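After this come two complexes, each holding chain A, first together with chain B and then together with chain C.
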Partner chain A sequence: MNSLRIDVDNIVFSYGVAPLLRQVSFSVEAGELFAVLGPSGSGKTTLLRVIAGLAQPSSGCIRTGGAAVDTALSPGRNVGMVFQSLSLWPHMTVFENVAFGITGPSSERETEQRVTNLLDMLDIADTRDARPDCLSGGQRQRVALARALVSEPRLLLLDDPFANVEHELRVQMRHDLRVVQRRLGITTILVTHDLEDALSIADRVAVVVHGVIEQIGSPASIYDFPSSPAVARFVGVENFIPGVVAHVENQTVEFSSPDIGKLRWSVARDRPAEGPSLLSIRPHALHIHPVDTFRDGRYSWFEGEIVTSEFLGEVVRYQVAVGGILVSVKQLHFLGTPPTPSGTPVLVGFDPTHARVFPG
Partner chain B sequence: MKSYAIRSSVVKRTFAVLLAAYLLVFLVLPIVKLVIAAITDETGQLIRGPLDVFFNHPLYLESLFNSIVVSAGAALLAAIAAMPIAFVLWRARTRPPLLVELFGFLPLFVPPFMLSLSLQSLLGRGSGLGQWLQSWGDMDPGLWGLPSVAVIEAIHYFPLVLMLLIMSTAAYSEQAHATASVGVDWRRLAIRVFLPLGLPGLGFGMAITFLKTLDDLATPLSLGLTNLLAPQAFFRVSTYGAQDPLSSLMAIAMILISALAWLASVVLVRQGLADWERPLNSPLPRIRGRLGTGGLCLGAIGAFYLVCYSGVILTSIARIWSYTALPESYSFAHYASALESETQAFANTFFYCGFAAVLDVAIGLALAYAIDHAPDRWRRLLTWSIASLLSVPAIALAIAYLQFFQGLRLPLFDEPLDATGFLLPLAFSVRGLPFAIRACHLVLRNVPASYIEAAQFSGRSRWTVARRIVLPMMALGLIVAFLICFGVSAVDLSSAMLLVPSETEAPISYSIYLHMQSTTGRGTGSALAVLVIAFVAIAMTGVVALLRARRAAAPPIRRIVFPGTQTH
Partner chain C sequence: MQNKRTGFGTPELLFALSVGILLVVVAFPMLLIFFNAFWVDGHFNVADVVKVLQRKETYQALLNSLFLSGGVTVTGTIVGTFFAWLVTRTDLPFKKTMKLLFLVPFMLPAFIGALAWKMLLSPRAGYINRFFMDVLGFDNPIFDIYTYAGIILVETMYLFPFVFIQVSGALERMDPTLEESARISGADLFTITRKITIPLVLPSILSGALLIMLYSMAHFGTVAVLGVETGIYNIPVLIYEKIHQSAGSFDSIRTATVLATVLVITAALIMWTQNRVLAKGKYQIIAGKSFRPTELKLRGLRIPLFAFCVLYIAFTIILPTATIFLVGGLKTYGLPFDMENLTWANYHHILFEWDLTRDSIWNSITLGLASALITMFAGVIVSYVIVKMKVKGKGILEFLGMLPFSVPGSVIALGVILAWSGKFGISIYNTVWIILVAYIARYMAFSLKANSAALEQVHDSLVEAARASGATMAQALKDVVIPLVRPGMVAAFFLIFLPALRELTVSVLLYGPTTRTIGVAIYTLNEDGETVYSAALAGIALIIIVVGEVLIKRLVTSKNGA
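Right after this comes the complex of A and B.
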C-alpha cells in the first residue's frame, strides 16, 4: 500500500459555545503509527472524526501528501476507520462485512481473493461465514480491521478499538495491530485514553487535554519528560509537591517546601525557573528506607511516616505523611518481605534527575 | 459535495414542511375548529349558550361526573389488583417470558367491549351460570350499571398495568434485588423499594387505563349505558349532526380531562418522560425454569382471563346455548359465516389500518429522527408534545374531523370527504402517532450512526448504504412498529363509529360490535372476535419467534414495545 503523510493544520472545532478543539496542529509521517492520547472528553475522538471527514471543523485544514483535502467525507480520500464500537453489521457474515468495503470494478473472483487474503492475514479465515454476534471480542476486532483495510486505504484511523477489552486480549490485539501495520506500512492514527496502548505501539504520541495538544513526542519522551502538570498527571505522576525554586549556584537548584524542607541538587541543563513551583515525582521513583540508615548522597531525602500500605502483588503502594501532605510511594515486592506497617517512621529518598519541576 | 449538501438540506426542509402540514391539517386545525364551534355561532359571534346548556342540564353534568369517576375507578381498580401481584412476582424474582410479557400488551390491541360481551354471555340472565349464580345475586354485568364499566375496563387493562409494573420494577440488577431483600421486613420493602421502583410503570398504566376508559364508546353501549360523556357526544352527533356545539363542548371536555389525567400521571411519578422510561428498558436477565409462587400467579391470571373470554369463545362455537352452563351443541358454522360474510370488513380493516400504519411509520421515522437530532430543549418539548397526543380521545378527534372536513370534496372522486373512507385512516394515523414515534425511535436507535458511517467509508453510494445496511437493520423494527400501529388502529372503535360512511365500509371491530348488538348475530360476532384475538396473538408470537431466530434480538423488541433511551 502506498502510505501517506498527513498534516493537520490549526484545526478548530466548536459545538455550541465552547470549542472542543483549539488550534490543533501536527503532522504524521508516511507509514507512522501516531497515537492521540487523552482523557475522556478531551476532544481526541472529535479530532479523529474531523480527520476522517465525519465532522466539519470550524477552521483549519487537513493536507494529505501535501495537498489540502475536502474536509467532508468523500470516497476518494482513501481512509479506513475502525470505530470504538467496531460497528460490524449484524445482518451480514464476516465475509459480507469485509467485502462491502470493496468498490469499483472488481470481479467476484477478485473480491473473493482480496477478502480471503485479508482474512488469512488476520487469522480469521475460519470465521468467514459467521455473523458478528457469534465471534469473540478479538475476532470482531480483527473483522473490523479487515473491513477497514480491504479498500486498501492510505490512512487508517482507529478510534479506541481496544476499549472495553480485557487486559490479556488487549495486549494480544495491540501486538497484532502493530504487526499488521508494520507489514502494510500504512499511516495510522490511533486514538486512545489508555496510556499503555499508546506507549506500547505508537511511534509518536500526542497528548490532548481540553482540546489542546499539550505535547508531542516519542512514548519514552512523553513518559520521562512531561511538558506540563496535566500531561504528567496523565502519564502517571501522582506526587506534586508545592514549593519555591531558587538558584543557589551556577548548576545547583534549591527547592524549599514547607512540607519536605529544603532540597538541593545539581542540574546540567534545563535549569528550572526561579519562583513558586511544583516538584513532580513518580511513586516508583521514590525509595523508602528505615530512618536510621545511611543516606546515599546521590539522593535527596526527607522524613515521613507510613499512613497506609496496599499490597498490589508486584508492588506495594505506601501513602507516606510528609509535613502536611501525603506522598505516594511504590516499592517492588520481594518474596518473603512483608509490607512495612503503618505508623513506621521512614526516610523517603529520590534521585533528583528523576523529578520534574513545573512552574507553580 | 456542496450540491449534495444543498440537495440534502432541500429534502429535509421539504419533509419538515410536509410533516408540519400534516400535523396542522389533521390535528391542530380540526381541534381549533372544535373549540371555535363550541363557543361561536354561525356568524362567528361568541356565545355561551352551549356552556349554559351543558352546565345546567342534569344529564350532561351527570355524564361528566360519571365519566371521570368511572375512568378513575377503572384505573384505580386495575392498579389495586396489579400491585400485590406484581409485588409477589417481584419478591419471587419471576420475570415472565417475553411472550407472556407481550401478551400483557394485548389490551391495547383488543377492544374492551369484547370482554363485556363475553361476560354477559357467561353471567347474563340467559346463561346457565347466570341462573345458577342467581342465589347469590344478579351477576349479569348489564344490570350493575356504571360500576360494571369500571370493573370490565379494569379487568381489561389489568394485564397492561401489571406488565408495566413488572417491567418497571425489573429495572435493576439481581444484586440490587438481593441487597434490598436481605433482612428487610416485607412491608418496608414494599413501601421503600418496590413502590418507588414501580411508580413509573404504575403511573403510566393507570393513565392509559383512564384515557382509554374515558374514550371507550362501545363498552358502555354494549351494557346499555348512555350517561357518560362519550355516548352522549356520540348521540348528539348522530342526532344533530357534526356542527352541534354541545357535542363539540363534550369533546373539548374530554380532551381537557384526558390532558389533566395525563399531566397528573406525570406528576404522580415526579419524573420526566425520559426518566420514567429508562427503567422500563433496563435489561434484566429473564429468570427461566423457576416457577414457584410467581409461576402460579401468572398461571392463575391466565386461567382467569381464559374464563373471562370463554363467553365469547363458547358463543362462537355454540349451535344452541340457552339457560345451560355450557352450550348444548357445537359447530364451527359461525366461523364459516364470519369468514364468508365479513370478507369486506377484513379488507376494510387491512386498508384503513394498513394505510394508517404505513403513514405512522413514515411520519414516525421522520419525527423520531427530528427529535433525535434536535437541541436538548427542543427534544424535551417535542417528546412531551408527541406524548400529549395520547390525551386526544378518539371520539373528540372524530367529531373534530367531521366538523373540519364537512363540505370539503375529494378532488379526483368529486365526493364529500366525510362520505369517503379517507378520514378514518387519517384519524387512526394521528391516534397511532405517539406509539409510532416511540417505536421508530427505537428502530433508529438500533442503527447507530457509526454503523452508517462505517458503510460510508467504503465509498458506496447513499442508496447502496440505505439498501444494504440501513434497511436490513431497521426491517424488523419497522415491521413491529407497523404491527403496533395497525393493532392500535384496529381497536379504535370510537373513531370508526363516527367516521365510517356506511356499514359496508366498516372495519372489523365495528362489524363485531354490530353483530353483537343483535341476538342472531352474536355467534358470528363472537367468531370474529375470537379470530381477531387469535390474529393478534399469532402476530405477537410470530414477532417473538422472529426475534428469537435472530440472536440477541429480545432486548430490542422490549424496547420497541416500551421504548426509551437505551443506547446501542
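Right after this comes the complex of A and C.
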C-alpha cells in the first residue's frame, strides 16, 4: 500500500447561521497517524466528513498527494472510514460486510483471498460467518476496520471509533490499531474527544475548539505547552489565576495577583506580554506543605486553607482557598500518610517554569 | 412487590377482578363462537364445518376476502413505501406538510370514503362518470367503482398509511452512516438502495403490509357499500347478512360462527407471521447522535413528483370530502351542484328534527364516552396485574387482553350476540348495552397497550418507597401509581373514544330500532336510498371526528409541554 500526503486547505463549512468549521488548514504526512482532538460539538466529525467527501465544504479544498481532489465523494476517492457507531450492516455476515468494501472489479477468488487475509491479520477469522450482533465490542471494531481497509485505501479516516468502549478494551484496541497502521503504513486521521486516545497513539495532534484549529503539535508539546486557555483546559489544566504581568529587569517576569500575591521568575525566551493575564498551572504541579516549611527560593509560594480533600487512591485531590479563589492541587499518595484534613492552613509551592501565562 | 399476608388482600382482589373482566368480556364470547361452530347436537363435529365451508357462498366469501385483502395489501404497500421514501429521502418541496397530509386518510372512516366514491364513480349515477358521458360525450363510464378493482382502490386510499407510518419512521430513525459507509466503499445509489436500505427497512415494510392485510380482511364498510350492487362480498359482509337477513335461524348462526372461526384463524396467522417478521428483523439500525441522511436530488422530477403528491391528496382526500358535503346539501340526489340546488335544510333536518339521526349522534357519543371510560379504568387494573404483579397465570391475562387486537370486529359482535341474547340468563340484545359490551371487548387491547407502556415507566421502587413510608398498598396505588400513569390513561381514553365515534363493523351487527350509531345510521340511510341524508350525516360525522382529533392533539401536546 503506497501512502499519501494529504493537505487540508482553508476549509469553511457552514450549516445554518454559524460556521461549524472556520478556515481549517493542516497537512498530514504520508504514513502519519494524525489525531484531531476536540470536545463534542467542536466540528471535528464534520471535518472528517468533509475529508471523506460525505459533506461539501462551503469553501476550501483538499489535496491528496499534492493534487486537488473533487470534494464530492467519487468511487475513485479510495478512502477507508470507520464510523463512531461502526455502522456494520446487521443483515450481512462479517464476510459480506467486509467484502462489500471492495471497490472495482474483483473475481470471487480474489475477493475471498483479500477478505480472508484481512480477517486473519485482524485475528477475527473465526467470526467470518457470524452476524455483527453476535460479536463482542472488540470484534465489531475489527470488522469495521477490516471493511475500511479491504479496498486498500490510501487514506484511513477514524471517527471516534473507541467512543463507546470501556477503558481496558479501549487501551488494547488503540494499541492494535497503531500496530496495524504502522504495518500498512497508511496515512490515518483519527478524530476523538478523548485526550488519552490522541496522546497515546498519534504522531501529531490538532486541537479543534469551536470549529477552529487552536494548536497542532506532537502529543507532548500539546500537553506541556498549550497555546491557549481553551487548549489548556482541554489537556487537563484546571487552575487559571487572573493577574497582571510586568517585565522587571532582564529576563525576569513578575506576576501580581490580588489572590496569590507577587511571583517572580526568570525566563530565557518566549517572555509573556505585559498586561492583564491568566496564570495556568496543572493541579499536580502544585505541592502542599505545612505552613512552617522552609521556602525554597527556586519555588513560588502562597498561603491558603484546605477546603475539601478527596482521597482518589493514587492521588489526593485538594481544593485550597487562596484569596478569593479556589485552587486544585493533586498530591501523590504515600503509604500510611492520611490526607490533610479540610480546614488546615497550608503553604502551596510550585516551580514557576511549569506555569503558563496567557494574555487574559 | 412483597406481600406476606396469606389472606385476600389488594393484590388478590386486583388479580381476581382482572381475570373476571377479561373472562366475561373477552373469553366467554370467543369460546361461544368456537363452541357453536364445532359443537352440534351434543358432540364435536368437524364434518359439518367442512360442509358449511363447501357451500358456494361461503368459499366465495373466503376467496373474495383473500383476493381483496391481498390486492389492497400489494397496492397499499407500494403506495405507502413510495410516499414514505419521497417524504424522508428526497428534496421534495414541503416535505413536512406532505407527511402530515398523507396521514389524514387515517382519520377518515373508509366507509364514508366508499360512499363518496360511489357518488363519484358509480357507473350510471356517479358525477365523474356522468361528466365524461354527458359533457365529454364518452359512450361508457370511465371507471366502475362497483368492481373488485374499485373496492381495492378505495381501501388502498385509506389503509396505505399503515405502511407509510412504519416505513417513514424506519427511514427516519435509521442510522445514516449505514448508507454512508456503503457510499465510502464506492457503491452507487442504486446498489445502496438494493443491498442496504431495502433489506434494512424490509421488516417495517412487511409489518405495515401485514397490518393492512389484517385490517382489510376484517373490513366491512367499503365492501358492503361498493359490493352490494354487483354481489361482491367478503366474510364480514356475509356474517352481517347471515345475522341480519336470516332472522337469526340456527343454520345462519352456525354459518356465521364458522365464517368467524375462519376469520379468527386467518387473523391469528397474520399476527403470528408479523411477530416472526419483527423478531427476525429486529436490527439495531437506530442511530444515536447522527447526521441527517443524504437527500436524493430529484432534479427535473422534483416539481412533477410534487404535483403528483398534491394531485393524489386532492383526489383522495379533498375530492371525496367535498363530495360528501355537497351531496349532503343537495335538494335531491343526482341534481347538479348549482347554488339553486343546494340547501342547509338537510343538515338542519338531521341535526334538529329527525329522531333517527339525532339518536345516532347521541348514541355514538355516549357509547364512545362510556366505553372509553370503562375500558380505560379496566385497562389500568389489568395492565397493573400484568406488568407489576408477580402472580402465577398472568400470561393468560396478557393473551386474553391482546386477543381482541387481532380478532375482527364482526367476530366480537357475533360472540357478544351468542353470549348476551338470553341464552345465559342475561338478555341485552337490541339495547345499547350489548353494543357497549362489544366496544369494551374490542378496545380493551388499545387500553392495555397504552397503560402497560405507561406502567413500565413506573419503577417498582417508587411503590416500595411509598410502602416503606408507611402507606398501604391501596394508598400507594392511589397516591403514587395512578398519578404517574395518568398520561397513559388519557392516551387510552382517546385511543378508544375517537374510533368508537365512527365505529361501523361491530355496531352494524348489534343495532336495534333505537340504538343506531352514527356509522350505522349513515350506512342504513345509504342502503335505504336516502343518499342525501346519508351524506349530510357523514359530513357531520367528519366534522365531529376532525374537530375531536384536533382538540385532542392540542390537549395532549399542551399537557406534554407543561
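The rule is short, and it goes like this: the second predicted complex is superposed on the first by the 360 of 360 C-alpha atoms of A that agree within 3 Å, B and C clash if a C-alpha of one lies under 4 Å from a C-alpha of the other, contacts with A are read in each partner's own complex, and residues count from 1 in each chain.
Basically, a contact is a pair of C-beta atoms (placed from the backbone, for glycine too) under 8 Å apart; a residue touches a chain by one contact, two chains touch by 3 or more.
Fair warning: this is a prediction, and the values are worked out from it, not measured in the lab.
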First (chain B), second (chain C), both or neither touched by A:Thr308: neither
Chain B versus chain C as contact partner of A:Gln113, first or second or both or neither: neither
Which of chain B and chain C A:Met81 touches, first, second, both or neither: both
Overlap of the chain B and chain C footprints on chain A, listed as residue numbers: 52, 54, 73, 75, 79-81, 83-85, 87, 89-91, 100-104, 133, 147-148, 151
Contact set on chain A toward chain B in their complex: 52, 54, 70, 72-76, 79-81, 83-85, 87, 89-91, 100-104, 131, 133-134, 147-148, 151
Complex contact set, residues of chain C against chain A: 175, 177-178, 180-188, 195-196, 199-200, 283-285, 287-291, 294
In the complex, chain B residues that touch chain A: 1, 5, 448, 450-451, 453-460, 468-469, 472-473, 551-552, 568
Chain C-touching residues of chain A, taken from the complex the two chains share: 49, 52, 54-55, 73, 75, 77, 79-81, 83-85, 87, 89-91, 100-104, 133, 147-148, 151
